[in-house]
Every structure is written in structure tokens, then in C-alpha cells.
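Next up: some structures, all given as C-alpha cells.
Two complexes, one shared chain (chain A), two partners (chain B, chain C).
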Partner chain A sequence: MKLYLKYLSIHVRSSMQYKVSFALLTLGQFMVSFTALLGLWFMMNRFHTVAGFALPEVLIGFSVVLTAFSIAETVARAFDVFPVIISNGEFDRMMMRPRGLIFQVLAAKMEFSRMGRLVQAAAMLAYAIPASGIVWTPDKILTLVLMIVCGAVVFGCLFLIYAAITFFTIEGLEFMNVLTDGGREFGRYPFAIYGREVLKFLTYVVPLALFQYYPLLYLIGRETGKFYMFLPLVSLLFVFPAYGFWRIGLRNYKSTGS
Partner chain B sequence: MKAYLAVFRIRFAHTIQYRAAALAGVVTQYAWGFMELLMFSAFYRVNPEAFPMTFQQIVNYIWIQQAFLALFMTWFWENEIFETINTGAIAYEMARPLDLYGRWFCQSVATRTARCLLRALPILLVAFIIPGPLRMTLPPDAGQFLLFLLSAVLSLGVVVAFSMLVYISTFYTLSAVGMRVMAAVVVDFLAGGTVPLPFFPPAIRTVVELTPFAAMQNMPLRIYSGNIAGTDAALGIGLQLFWLAALVFCGWRWMQKALQKVIVQGG
Partner chain C sequence: MIELQGICKTFRVAKRKSGFRRAVKALVSREIETVHALSDVSFTVKDGEMIGYIGPNGAGKSTTIKIMCGILTPDSGNCVIDGRTPWKERTAHVRHIGVVFGQRSQLWWDVPVCDSFDLIRDIYRVEETAYRQTLEELTELLNLAEILKTPTRSLSLGQRMRCEIAASLLHRPNMLFLDEPTIGLDAVSKIAVRQFIKRLNKEQGTTVILTTHDMQDIEALTERILLIGKGRILLDGSLDELRRRASVQKTLVVEYSGAPPALSAGMTLAESREGRMVITLNPAVCPASEAIARIAAQTDIVDVSVSGISAEEMVAALYQEYEI
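Moving on to the complex of A and B:
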């Protein structure tokens, strides 16, 4: 942990060396999610509700997904550039060192410009928390925290799977973008609006809906069972297949040579 | 002219090599288009009256958009051009007896066309045979289809002419990844990449429809779907011609100026 903090401070300092470039990149990232919000607002402005959700309720779901995604991307950015780490031999060097591999990969790169999105996510929450008319009892606050934390873990797992695929293909697999970037883009709206089949997929296969849609129902009082409140914890089970896949990939890994 | 054709051919052959990447892209874009359409149909169920296009029009809009993504999306930058400028290889380029603006323009058009050809057909094929309301249809009539083709070519021109401005700005800023991301995102949004322009609030829409951004993907996609037809389509194509000429002229002039001042650092 101490070592990780040390790496963290190195990365912060190194990205602060290029302040203007860092600021522009952060702003760029902010614009990416801002246009997504603008599009959402245009649609909600015209139709007022979607699948029974009003604007503040949709925004809570959106900001949970955006926050979780940004945290995961900041921390686990290295998995995103894993094809580079593999193909330039950096990974072979890591295998020599007496530290956990996942730890080393995580520490290799952190991308703070993704924080630009967090600003927007926070702003949306600041608007939606009072506007949604939810009475914020401790259990609801806990639900919201669970949604964000578990969401970050699930997105982290997706990045891990993406990296594990690289063991086999050397290049990144574009299709994974549907689950990572797609999860963020389509997570703007509660996942139920995409129909029953998609919801099932996002519940049992890739548990994005477990930390967004179901607990959201509990937050806005549409479901009162405590079961819905703790569903984000169930999504943590996704860690096992993701880690297992990483192990399998690792066992099959042959260096790319130099 | 022959030289430019050669540039086009080389680039085209180069890009067409990456077939596996294209296949992965096809699957991704297919899934993406499907999700987009499910989202629009959720809104359609809320209130069909508030829907500014027919549902079939949005279906065609989204499928054509996914199929021709590589033609119309600003963020398909030609990274080689950025590298040429940053590494100083621009010196060789300038030594060649070929107008650099024209060369880069051809190169961009070739890359985009090749990428698009690899991806468009499989996506369109699937979009035409899936059962149910998400199936794509042909445009209303042959005339409309010809207008679409014309508009698509012009739209590609406008997109490339716009990205040329961004390439040229690299002469002054050297590295501006942030700017690039921002430009691409804002432009694609205003061109109807996230939400088609008819869904914009009326006041904003009126303004945006006059900008060069409306002359990008917005125009061919809406002409294909039949959302813009007749005189409106002719006017739209006129607007595209105007912006294409304006952007190319500005870009070409700016490039001449930039090249006079350019200093290649180091040897």
C-alpha cells in the first residue's frame, strides 16, 4: 500500500509537469461526457420521461456510472494500454520483480485527466440529489455509496478482462469497447430502457445493471425490499471470473520477444 | 492529378490490409447501433407524437451512421500527419513537388474510404435482414438515393477539409491532444453524431443547421432516411458545396502561410 502511494505521487507529479497539456486533456475528457449529457438533456426535454424515469432519476443513474467508470479508468488505465506494455517487453520485466503482477501493472500508469468527468458527475449528483425528491435516510446514502464503489470494481474487472485477452491476441480487442465505453455511454439511462434481453445480459453475464438499475429502483422508492439495496455487492462476484480469466491468460502467456 | 490518384491508391491498399481489425470493428459497431436503436425506441414508446422523425427514419439514420462511421466521424484522425509535423519529417514532404494540402487531403480521403468499404457492407447486410422494427429499408426512391450519394461525397469532403484545419494548427501548437479530443467531440455532437439534429431544441437547431457541422454526417444520413427531401435536399447540398469550398479555401491559404514560417527543429 505504501509503495502504491509512492507510485501515485510520482504519477501526480509527472502529469503536473505539463500543466497546460494536462488541463486541456482534462477539459477534453470533460467535453466527451458533457456532450453525452447535452444529448440526454435534449431527449429528456422533449419526452420528459423514459420508461417511467424522470430527469433527476436518470441523472442519478448516469452519475453513478460516470463516477464509477472514471475512478476505474484513473486507477486501471494501465490495463487499457496493456497491449503496449506487452508488446514493448515491459511486462516481461515486471514478471522478474518480486511484487504482484496486477499491482505492478496498476502502478505503471495512472491517468488523472479522466478526473474531468468526475467534476461533471459530481455536478449532476448535486443537482439530482435534492431534485429527485428522495428522502436521504442513512440506508439510501449507503446504497448510493455501494453503487459507486461496486461499479468502479466491475468496470475495473472489465479492464482486467480486456488486458487478459491481450495475452492471446497481443492487440487489444475492439469489441470490449462495447462493454467498457459502451457501458459508460449507454449507462446514461437506466439499463431497463433497452428491453428485457439486454437487462438480463447486464444482470447475469456482465453485471452492470446490478449496481445501476436495481439499486436505483430502491433509491427512488419503486422497490422497498432491502434485497435491492445490497445487489451492488452481488456484482462483486464478477471479480472471480475476471481474475480467473487473467490467470488463464497469464499461464498461456509467451513473451513477444524483443 | 495522376500523382494524387497514386497517393490515393497507395493509401487505399495500405488500409485494406487490416481485415481482422475491420471485422472486430464491424461487430462493435453493430452492437453499438443496436443499443442506440433500443434507446430511441424506449423514447418512441413514451410519446410517438413528440418524435421529430418517423421511427423508420431513425432506424435508417443509425444504421447508415454505423456503416459509414469511418467516413463521417471527425475523430478518425490521420495520425501520420501529426507525426510528420512533430518529428520534422515534414521537411521531406516539402521537398516533394506536390502540393502538400492536396496530398494530405487525398491521403485522408483514401484512408476513410478504405476503412469504410471494409466495414460498411457487412453492417448493411445484417441491418437489411434482421427481422422486426429495427430492420433497415431502402430510401424512398432512386432519386433520393442519388442525392444521398452526392451528399455523402460532399460530407466526406467537408469532414476532411475541417480536419485539415486541425492538422495545420499543429504547426503552431506542436502537441495538443486535448484540443484534438475537444474539437472532435464538439464537432461530432453538432453534426448529429450523438443525437440527430431534429431532436435538438428548435432555437439551437436553427442555428446549428447553418454551420459547417450540419454539412457533415447530418445531411447524407437524413437524406437517405427521407427526413430531408425535395427542395430542402437541394438546398442542403448547396450548403454543403458552400462549406466545402470555404473550408478548402481557408485551409489551403492557411497552409501556405504556415509552410512559409515553418521551422524544422534539429537535424
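Moving on to the complex of A and C:
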């Protein structure tokens, strides 16, 4: 952790070398966040319920997914640019350092301007929490925290898988975006509205629904079993296949150039 | 101690042909070609040795280095370095080696060199007093004092290379892999780098493995040479041995005043000008001493020099001999 902060300070000092660029990027991110909030406002004006969920309830689900995604993106941003890290030889260098590879990849790229999205997600959450009409008892607060934390881990795993595919091919990576960016976009609505098959897929294969749909039912009082409250923890099992896939990819690593 | 035994490595490469039509075709079916980067590579390097690893582009030099660094996993074969298998015990292994890739930087581009060094210290968990001492030594030997506070991107290539070498030695490795450390450097920087490497090997007993295309590096530094071509080790021996093997020809340059001398058996005229002759000798027929004596008997010699072929020519001859 201390080393991570050291890396962080190097990145801060690096981006301070380009002050104008840094300022413009942050401004740009702010604008993006701003338009997203506008979109939300229009959505609220038009619709009042989606598949039996009241809008404030949908908002809770959406803001959880968005917050989880933004946390994962801020921390695990480097996996997004992993093909670049491989092709410019940076990954070779990481393998010559006596530290964990995933740690080094995470520390290699930090994009502070991405925080903009995080701020937007937090703002939305701050709006949705009181607006949802949920009585926030300690168990519901815990559920919400679990949803966000486990959601961030699942998205992080998806980024890791995305990176691991790079070991085999750098083509056709786009389909992974269906799960990452797509997960964020589809996560606007409780996953059940996409039908039973999709819900099954998102429960047993890529456990996005485990931290969004089921605990949401508990939050809004549709289900009262404590079982639903702890389902986000089950989604953490996704770490194992993701890490296993990464290991297999690593053994297949070919390196580049001379 | 480095031991490689029967290392094989193949890469599968998708063949691409140029042209739009073929590119579209490649979407549907691709021809996969298997490239044998290394086939049955074995050698042993003792502690404190300095090895020149040479071969033409694409011969497998970098692949070997990458296997020894733990970056690549070979298809078959064994590699044990100081009792460890690089790709199995990566973190334990890399703690004891230093690597410099001449074409790639390990320094953080936008921050001063000393900040990069500090981060490397933390990555390797080097103890502070030991680090201070090492850094002081390296600063003095590589003449870094003035450039430590400069951001890497503003350094000249020669300055940067000195910093790269220092960066790879901060954790005091007992083994150093250098992949083309003098590429693109000017004469002064090259000599500085060579002198430092030589000294490191002599005084610290650091094992050095050097790949290069610059034969002067090899002449100045290494006693032992490994020649690799098409993924196989072709020769393993000293520079002199290789030279004897590659060719026995010698070149004799004579400057004289008076009548041009006549040549006898074993001498071939390569170049002739008023008062100067370049003669290629076959020492088996006519040793250099005899050749000089014969010429001296016919004319007044002003100056004379005898030279074997240069390392550069020797290697070119070897490449030709092995058709690599």
C-alpha cells in the first residue's frame, strides 16, 4: 500500500508537468459528468415506473452500478490500456520487478481525471438515497455498502479478464465491452427487465445481478430474507475464475519486439 | 551460475499478406506459421564471467535473454540460474538480476531521474543506508551528479543510458543482462559505458551477459563469445579462437620509397598506390615476417603494419559460413 502511494505521487508529479493538459482533461470530465446528470433529469421527467420499479428505486440500482463501475475504473484503469502496456514493452519491465504483476499494472496508470465520473456517481447516489423513500436501517446501509464494494470487485475482475485476453489476441476485444461498459449501461435498470435468460446469465456466469438486482429487492422491501442481503458476497467468487484466466494468459505471454 | 539445457521455444505467428482482399480473407481463415525461435539451446555460464552473446537480427538473442529474465516460458528444456528456475520463481529470481534493454527505458519519463531511483529502491525494498552508498558509488563512477535532478525526457541518449545502467544496479544484482547497451551512443559515451561494465565485472565480480551488434563492444569486453543463429548455438569460444577459425588471412600494409617490390607466393595485391601497397597474406604459405623480409630486400620500407581481420569482418564471415 505504501508503495502504491509512492507510485501515486510519481503520477501526480508527472501529470503536473503538463498543467494545461491536466486542467483541460479535468474540465472535460466535468462536462461529461454534467451532461450525464442532465440525461438523468430528462429521464426522470418522462417515466415514472419501469417494470414495476418506481423511479427512485431504479435510481438506487443505477447509482450503485455506476459507483461500483467508477471505483473499479479509477483503480483498475490500467487494464483498459493493457494492450498498450504490452506492446510498448512496459509489461516486460514489470516482469523483471520483484513485485506482484497485478499490483504493478494497477499502479502503472492512474487517471485522475477519471475521478470526474466517480463524483457524478456519488452525486447521483446522494440524490437517490433520500429520494428512494427507503428507511435506512443499519442492515440496509450494510447492504448498500456490500453492493457497491462487491460490484467494484466484479467490475475489476471483468477488467482483469479483458486484460488477460490480450495475452492471446489483441483482436476482437470489443466484445468484452458488452460486459464492462455494457454492464454499466444496462445496469440503469434492474436486470430482471431484460428477461429470465439474461438474468440467469448475470447470476451464474457473470454475477452482475448478484450485487444489483437481488439486494435491490431487499433494499426496497420486496424480499425480506437476509439471504438477499448477503448475495453480493457470493459474487466475490468471480475472483477465482478471473484470476485463473489471468494466470493461464500469463503463461501464454509472448512479449514483443527485440 | 547459469545453466541452460535443451531450451526450445516456438511462436505461432499469424501470416498476413498485404492487400485489402487478402486482409478480408484473413478475417475468415488465417494461416498460422510456427516459428522456431530457439531449438535446443544449452550453455553454462560461471559466476563472474563476461559473455558476449552475438548473432544476426532475429537469431534468438532476445528470446534467450527474456527466458533468463523469467519473462517467457520455454516450451521445453531447463534453465537454472543460481538454483532457481526464472519463470517459476519469478519474484525471487529477479531480485538478484539487473537488466538493461538499450532500446527501452525503465525510468519514469516525466520525473527527475532521482525520483525514478527512489521508486526503484522501494520496489526492490533496498535498505536506506545500503541504497545511499550504492547510489553514491554509481553517481561517481557513471558521472551522474549533474543529471540526477533532470527529468528523463530531457536527457541525451548517452546520459540516459548511464542512468539506465545505474537504475539496474541499485539493488546490487550479482548478474547483469545487457541488451545492446551501446546502441546509438557517441564514441565518448560508448567508451564510458564499456569502461564501467568492465570495472563492474572485475571489481564486483558481477556476471555479465551482453548482446550487441557492435563488435568493438565484444573486443573491448568479453573473453567468451556465444554465437547464435536460427535459434541454435553455433559456436562457443574465445574471440581469438573464433578469429583463427573464421579466417587465417592477414593484411599487410607497406609504405616504401623506391621501386615497387615484386610479390611472391602467398601474397595477393589488394590495393596499390605510389609508395603504398596493401597486401593480403596467407600465413600458411608466407608468414608475415618472411613477407616483410622479402619486401625489405627489394625496396626501402618507410612504414609497415600487419593486421588480422577485424572482429566485424570475422563475424560477417562467420554468418556467411553458417548461412545465417
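Worth pointing out:
Note that the second predicted complex is superposed on the first by the 218 of 258 C-alpha atoms of A that agree within 3 Å, B and C clash if a C-alpha of one lies under 4 Å from a C-alpha of the other, contacts with A are read in each partner's own complex, and residues count from 1 in each chain.
As a working rule, contacts are C-beta pairs under 8 Å (C-beta built on N, C-alpha and C of every residue); 3 or more make two chains touch, one makes a residue touch a chain.
On a predicted model such as this, the values are computed, not experimentally measured, just so you know.
Of the two partner chains placed by the overlay, only chain B lies in contact with A:46; chain C stays clear of it. In the superposition on chain A, no contact is made by A:122 with either chain B or chain C.
A count of residues in chain A touched by chain B and by chain C gives the higher number to B.
Contact with neither chain B nor chain C is seen for A:142 once the two complexes are overlaid on the shared chain. Look at A:253: by the touch rule set out above, it reaches chain C but stays clear of chain B. Of the two partner chains placed by superposition, only chain C is touched by A:98; chain B is not.
Of the two partner chains placed by the overlay, neither chain B nor chain C lies in contact with A:205. Judged by the touch definition given at the top, the superposed model places A:193 against chain B, while chain C stays out of reach. When both complexes are overlaid on chain A, the residue A:13 reaches chain C alone and has no touch with chain B. In the superposition on the C-alpha atoms of chain A, no part of chain A is touched by chain B in one complex and by chain C in the other. Interface residues of chain A facing chain C in the complex, by the touch rule stated above, are 2-3, 6-7, 10, 13-14, 17-18, 88-89, 92-93, 95-100, 251, 253-255, 257-258. The part of chain A that touches chain B in the complex is made up of residues 21, 23-29, 31-32, 35-36, 38-39, 42-43, 45-51, 113, 171, 173-175, 177-178, 182, 186, 189, 193-195, 198.
By the touch rule above, chain B contacts chain A in their complex via residues 21, 24-25, 27-28, 31-32, 35, 38-39, 42-43, 45-47, 50, 52, 175-182, 185-186, 188-189, 194-195, 199-201.
Partner chain A is touched in their complex by these residues of chain C: 11, 57, 61-62, 66, 69-73, 90-92, 94-95, 97, 99, 101, 103-104, 106, 108-111, 115-116, 118-119, 122-125, 151, 179.
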